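Chain nomenclature is as follows: A, B, C and D, assigned in order of appearance, with residue numbering initiated at 1 for each chain independently.
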Amino acid sequence: MSKVIKNGTIVTADRTWKADVLIKHDKIEAIGPDLHGDHEFDATGCYVMPGGIDPHTHLEMPFMGTYSADDFESGTRAALAGGTTMVVDFCLPAPQQSLLEALQMWDNKTSKASCDYSFHMAITWWGKQVFDEMATVVDKGIPSFKHFMAYKGALMVDDDEMYASFQRCAALGALPLVHAENGDVVAALSEKLLADGNNGPEGHAYSRPPEVEGEAANRAIMIADMAGVPLYIVHVSCEQSHEAIRRARQKGMRVYGEPLIQHLTLDESEYFDKDWDHAARRVMSPPFRNKMHQDSLWAGLSSGSLQVVATDHCAFTTKQKRTGVGDFTKIPNGTGGLEDRMPVLWTRGVNTGRLTMNEFVAVTSTNIAKILNMYPRKGAIVEGADADIVVWDPKRKKTISAKGQQSVIDYNVFEGVEVTGAPRFVFTRGELAIEESKVEARSGHGEFVPREPYQAVNRALSTWKEITAPRKVERTGIPATGV
Amino acid sequence: MSKVIKNGTIVTADRTWKADVLIKHDKIEAIGPDLHGDHEFDATGCYVMPGGIDPHTHLEMPFMGTYSADDFESGTRAALAGGTTMVVDFCLPAPQQSLLEALQMWDNKTSKASCDYSFHMAITWWGKQVFDEMATVVDKGIPSFKHFMAYKGALMVDDDEMYASFQRCAALGALPLVHAENGDVVAALSEKLLADGNNGPEGHAYSRPPEVEGEAANRAIMIADMAGVPLYIVHVSCEQSHEAIRRARQKGMRVYGEPLIQHLTLDESEYFDKDWDHAARRVMSPPFRNKMHQDSLWAGLSSGSLQVVATDHCAFTTKQKRTGVGDFTKIPNGTGGLEDRMPVLWTRGVNTGRLTMNEFVAVTSTNIAKILNMYPRKGAIVEGADADIVVWDPKRKKTISAKGQQSVIDYNVFEGVEVTGAPRFVFTRGELAIEESKVEARSGHGEFVPREPYQAVNRALSTWKEITAPRKVERTGIPATGV
Amino acid sequence: MSKVIKNGTIVTADRTWKADVLIKHDKIEAIGPDLHGDHEFDATGCYVMPGGIDPHTHLEMPFMGTYSADDFESGTRAALAGGTTMVVDFCLPAPQQSLLEALQMWDNKTSKASCDYSFHMAITWWGKQVFDEMATVVDKGIPSFKHFMAYKGALMVDDDEMYASFQRCAALGALPLVHAENGDVVAALSEKLLADGNNGPEGHAYSRPPEVEGEAANRAIMIADMAGVPLYIVHVSCEQSHEAIRRARQKGMRVYGEPLIQHLTLDESEYFDKDWDHAARRVMSPPFRNKMHQDSLWAGLSSGSLQVVATDHCAFTTKQKRTGVGDFTKIPNGTGGLEDRMPVLWTRGVNTGRLTMNEFVAVTSTNIAKILNMYPRKGAIVEGADADIVVWDPKRKKTISAKGQQSVIDYNVFEGVEVTGAPRFVFTRGELAIEESKVEARSGHGEFVPREPYQAVNRALSTWKEITAPRKVERTGIPATGV
Amino acid sequence: MSKVIKNGTIVTADRTWKADVLIKHDKIEAIGPDLHGDHEFDATGCYVMPGGIDPHTHLEMPFMGTYSADDFESGTRAALAGGTTMVVDFCLPAPQQSLLEALQMWDNKTSKASCDYSFHMAITWWGKQVFDEMATVVDKGIPSFKHFMAYKGALMVDDDEMYASFQRCAALGALPLVHAENGDVVAALSEKLLADGNNGPEGHAYSRPPEVEGEAANRAIMIADMAGVPLYIVHVSCEQSHEAIRRARQKGMRVYGEPLIQHLTLDESEYFDKDWDHAARRVMSPPFRNKMHQDSLWAGLSSGSLQVVATDHCAFTTKQKRTGVGDFTKIPNGTGGLEDRMPVLWTRGVNTGRLTMNEFVAVTSTNIAKILNMYPRKGAIVEGADADIVVWDPKRKKTISAKGQQSVIDYNVFEGVEVTGAPRFVFTRGELAIEESKVEARSGHGEFVPREPYQAVNRALSTWKEITAPRKVERTGIPATGV
């Protein structure tokens, strides 16, 4: 049974042209003029784009005895509703837990996913077992490893462990990711703020200034350079870490930066809201920054120093957020965004001219697929690719609201934002999931997408590092030791 | 009559995969496994890539009563021999000459071209006629205009004229290019050097220090920003102009930078050679720089702050160079490179791991086609594109030498450089032009490639500039004038 | 007849200590504990500092058939009232006018000066006469030359002229200064704004964006580097020009930057005021910028990339400002500040901890005296120095207002600003001029302060440039010319 | 009994003038024309400057069961011979050792010092005792604390401890110093190099690349910023850490950088010498870098982003160095330089025009005295100051050699360097110690120089940090906790 998307304009990361798209089963079968199939979907006035990929989500993430509110069911439904057809979630082993065992646990959560997914594996502790299991994790199609430089006493790893893990990544052709904030300093600042009675949600922002993020980004970059491996820095929120990335790239280092849609469009004034709930709902790490930082991030997207836009979707209900009344360090960190990323980025980016449509596709989908090495199966409108497609109606208007959203939480950090540009249709591996406001996502449809190691950039960098490796000076007549 | 390239690995700017390529007439007809056609070309062990595009050549350029030695015949043959299947040359109107008349003169030179070509139109003077004719030039398929900030008293335009022309470009959806060196300062330094008896070829380098280039690049960027138009800076040779580009891009400005293969690999020590001819043959503007600048340029290519690699091919014989004996300002500026650009870049870039193969394709072909708005007709391996294809043998070795080169000049600035990686076959619009060392380029085969204005980036920038344009403050009660 | 300042704490650019100061005639005679003299002035609780020096004023400046409102009488009285004991004004020759003749005209204006003064000579045109007279100007004690890169068609010089003049400065051991804005672009933007009906005072700000200033600063720096001479950039108002300065200094170039007290503390929102007069009164070049730029300037002062704080005092009455009703290009450019510079800088700088007291002295006095080569006659509390002294009461409070100010104009751009820190006594060459709010400035007391050329930095730079000058490559066997 | 230095030209950090200097006992009694005293010293043709201060030495430093070869006797004699009249050494408590006990041990070593000295106290471990004793250390006149970010398993402290100690410094008005190299990464790289058989002295350099230093500098800066305290980074050897310093200063942060004379003038090629001893004698941390880094450091000195020049004098004999045959990690780290710092800096800096004479005085003496808060007792030619004076003969020539040097070691890293500019006389607290090549240093003459906390910059920064401290948002209606 075939489907055809007709009369649309295809927009990919590299070009824009009018053509129909024929889908057979779960694949793109043909692209060209005047195609026909069993079902025809009218894309008149619309852009036909690769479905979005969110490289950074936390669905059903364990947290202090509870879980982040959106699981793979509501989370992937929200994704699809916003034009995103794949998510990459984080598998977080507990200290001393086997990576493989954790992976099994995470895999169990995905049975109700309605769109495709992959994982990043987190390195939350270090030891021979971790070293060994990393190879198996790569073999299972997960060649990307996350490292937390913050969350001291919990997920945080130190420089030693990070260097060891990055070297292991280099050897396995895998990509290390980091959450970049100096955990020691965040912990110390938090303690001081609480001691000073500064216990409200704004204290969370005070405890994680831009300099603290920039420092960690800078440190991770150096360690990756020494280990000879590319690096991916998640949720780049500020000029400081962005500057570290630019500085590294200008030395030929291979570093990627991921801003979130939240940091691109929301600012720190949210934390100063007089309503505790309002402020607490926006608590995430890193916190929102000011407009100067936003300008920096937008420029990074258009200039290529930042490559992708994510959500770090990690939704907690107001009730869960209230755990932190009287102590901001207990407010669960995270906000939603899966349903909103693409419409908000389109509205604030493409409609203003900050991004071209092609750049929009690149940062929401194609670049992610390339960096995570699943291109062009994902991230492309090309024959043979998975039919993950969004038919984007640039005239479609909507005011974002928690009412009617797919996420199960009771608010939305983008509440009231008016967007122009939203999906008319969304296909996930060939199945229609969204038709305007009608959500037909099918729970259980989503599948795991295995990825290969040794992406081209990894290999090139290894070559360069080999060529420029330290060379021993050959000497004769070395004296006897002085001892 | 069809051709098939079999058993190769296709390498494009965005991916690498095994497939055959079927060519029918001058177009790519199909891409896929197991294709067949009338003629089959074996690409076993090879990469099948879009033919190179050189965005910057000067063939048969008039100069002091003579012409640059390579014309469209030998020049395009050299291009093909090195895997380049299209050149973009510069049409240079004389002062007060009609742009259209000049274009006619340039067009006349192209009858023997053996590969496709396009033009950039130079703005060498300013007036209502130029303003008006720019529209016609764009209509004729040439939406890019070159501006010389150096060559005082000849090609140079001043800030006023540049701003006026850039504004005109913005209105026409065209792309301004600049040769960035401060012509006033170059002239004054040259005069001083000659007065000091510093008249050798090294004086040429002394007269054009990196700071002088960086200043001009910085100025052109500001003017483009004020005019609201993207900018393309040709022959970026040094950290100073590269820094200006990076700084601009980080503010969201749309600026492109083009290093030459010469500046990436040759350094200033060439000018200190004791052999006058050796030094004079390397005289070009900007001059070669030191290793630190080379590192900067390479990093620009991998990080994306520089996008394309050109040659500025403008070949003069030793005899022509000797015009400048006793006065370096009379040495004709220019070096060759058309045949060498791709093998040298592959050897020094891909073989060392500084660039991936995909990045190689991007900077030699695809990015150029995109920026100059002729993608994917050129710069792509995609169905329907022109069959400009190079089958690249990564094992093929060669020592570059003037002996046997296609260029008509009697030397080669890369003399003695050993390359690994060269074309096995080169196709230009479906015709086989090169088979290893056999050159079958057909004079007259090349055609003009018209290009459209209003590339996506131009349009996006215009939107942003409109949104952020100065807004008048509405006031009541304005006082009477004080006069 | 002697005077003693007793019980104060001396604060200089390099230290802070308790001592009395004995003045004999116009000089500092002694510094130490327990000094006595004919008149004693109690400095208990106060800081005894070198009198301020304003390196940038325009008193009685000719403008469109009228003059700036404050002349050397009211201007120097305002200076003294605010703790400033010397001003450096600009002599502006008309096109083709002899520098010496202009100097005579300017000198005539100074007869009523109540504090000491010097001049910078402006290079407003170029020719053999100017070249020759520059030597005489230096001989007369004026080794600093101003160049306007803006005010096209009036004061502006082009790159050629600037380079020639800078080279002449290098030879004479003089210091070039620049007003850095790209005059061509300002003119074109102004024209466009007016054409769009954008004729209010905010149009002035729109016509001179930070990028336009930064470009000119960058260009002047390159030209100074090529000429081998230090450079002083007046009224650095924004990050763009400051960045250019920092970048230059980090290459070892000798560049100074002068922010104004206005740009440090007032921002662009003033131009959006609904009251035309309010906005027009703030029209100056460069215009006020936003807070980000202010932060940049403050950091420059504490880090040493910016060295001095001036006023560019050039006061016009509201009536004069109204000349520009309906056409912002006709609003006379300039604001006052002489009386306010030191109290405002103290309040916003020292009281907030952005500057130490020593840094305050450095940027208001000592650095200026050093750069302009009149240290320690001026700018120091040292035996033998001119007794230009301010006894600063850090507790003294005042709300700045046009009411009661010394300037003759009818408003004050700092109206309503509350300052803490103001002079208790001000001495000019040993004479008491100010005692709290009592002004006893004596018209005619001020004298011209001649300055020497070849400041230490000029000499060092010349040495370095000589050592690193281009060296001719000696060759044999140079071929015959190709002609 | 008085002494007069006659006929010289006094050169201080802020000016240059002809005057005699009268010394009475250990102090400068008078400065002026035509002074007389019991002994007259002819300074005709010479510059009379404040004696040098070396802010960074390790005399008789315990190391692996032995000691650095120069103790306070030979070390201070070497200092005086080169025009340096004060050293600041590092007191290094063993793990868990009382700071006060360590201080006693260090104090014991100083009995034979022939010039004045002070200490920095190292924080090598952390605990309540250290926290408490820091106050006592400050009370004893030592308000500066050193932190090692390298030497893992020995002196190294982690971020937590550093933050705690920096906060303590802020509270005590003290200045933290750091040795900035990432110790974890150095250890890992060293291990890898040794494993690869890369065990020669060049391995030392390979194990400590510039990026590793830059990272640590950047991290220390962030931590100091969070703690609200100025920071002093010792032995800044490369552009990477210098860049971090500049970036910080441009944000208004108060950071000082100290290049060594070695890094300014010697480069990494020394480690590639075929003679093992030659290379090993140059082993120090950070290692020598290339010319690009040297240019950066020189520019830092003239632009003010780096403030002082030190030696890190820590001399080991060839025999001691040979402990590391077969394992570079066992080569004792350190080189000499006390006798050579000033002549080499003068020759390479002042004689080339890279520095003015005043800047020479600033970076070798005055800035150090200011930053370490003992100005103008030290670092000044001013009445009442300690008579630590060098009479500098700018014509005096010398070829540096181990033969005849004051240091007890058997080589000199500057062997063969020709200097022009050396002391004619050196006075230490009024006593003549050096007369050209005659050394009359008197062992035991040197005294401890106590220093005060709360330098002006500390106080200013504290004010600024207080003003900009996080403010709690006052809220009503805070919800009940969600738990």
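Following the convention adopted for this analysis, contacts are C-beta pairs under 8 Å (C-beta built on N, C-alpha and C of every residue); 3 or more make two chains touch, one makes a residue touch a chain.
All values reported here derive from a predicted model rather than from experimental measurement.
Looking at the partners of chain A and chain D together, they share no chain.
Chain A and chain C have centres, each the mean of its CA atoms, that are 51 Å apart. If you average the CA atoms of chain B and of chain C, the two centres end up 46 Å from each other.
Between the CA-based centres of chain A and chain B the separation comes to 37 Å, rounded to the whole angstrom.
For chain B, residues touching at least two other chains: there are none. Chain contacts in this assembly form a single closed ring in which each chain touches exactly two others. Here the chains touching each other pair up as A-B, A-D, B-C, C-D.
For chain D in complex with chain A, the residues that touch the partner chain are 158-160, 163-164, 182, 184-185, 188-189, 193, 196-198, 200, 202-203, 206, 209, 211-212, 214-215, 218-219, 222-223, 225-226, 243, 247, 271-277, 279, 318-326, 470, 472-473, 475-483. Across the complex, chain A meets chain B through its residues 13-16, 246, 249-252, 254, 295-296, 298-300, 302-305, 350-358, 366, 370, 375-376, 380, 456-457, 459-467.
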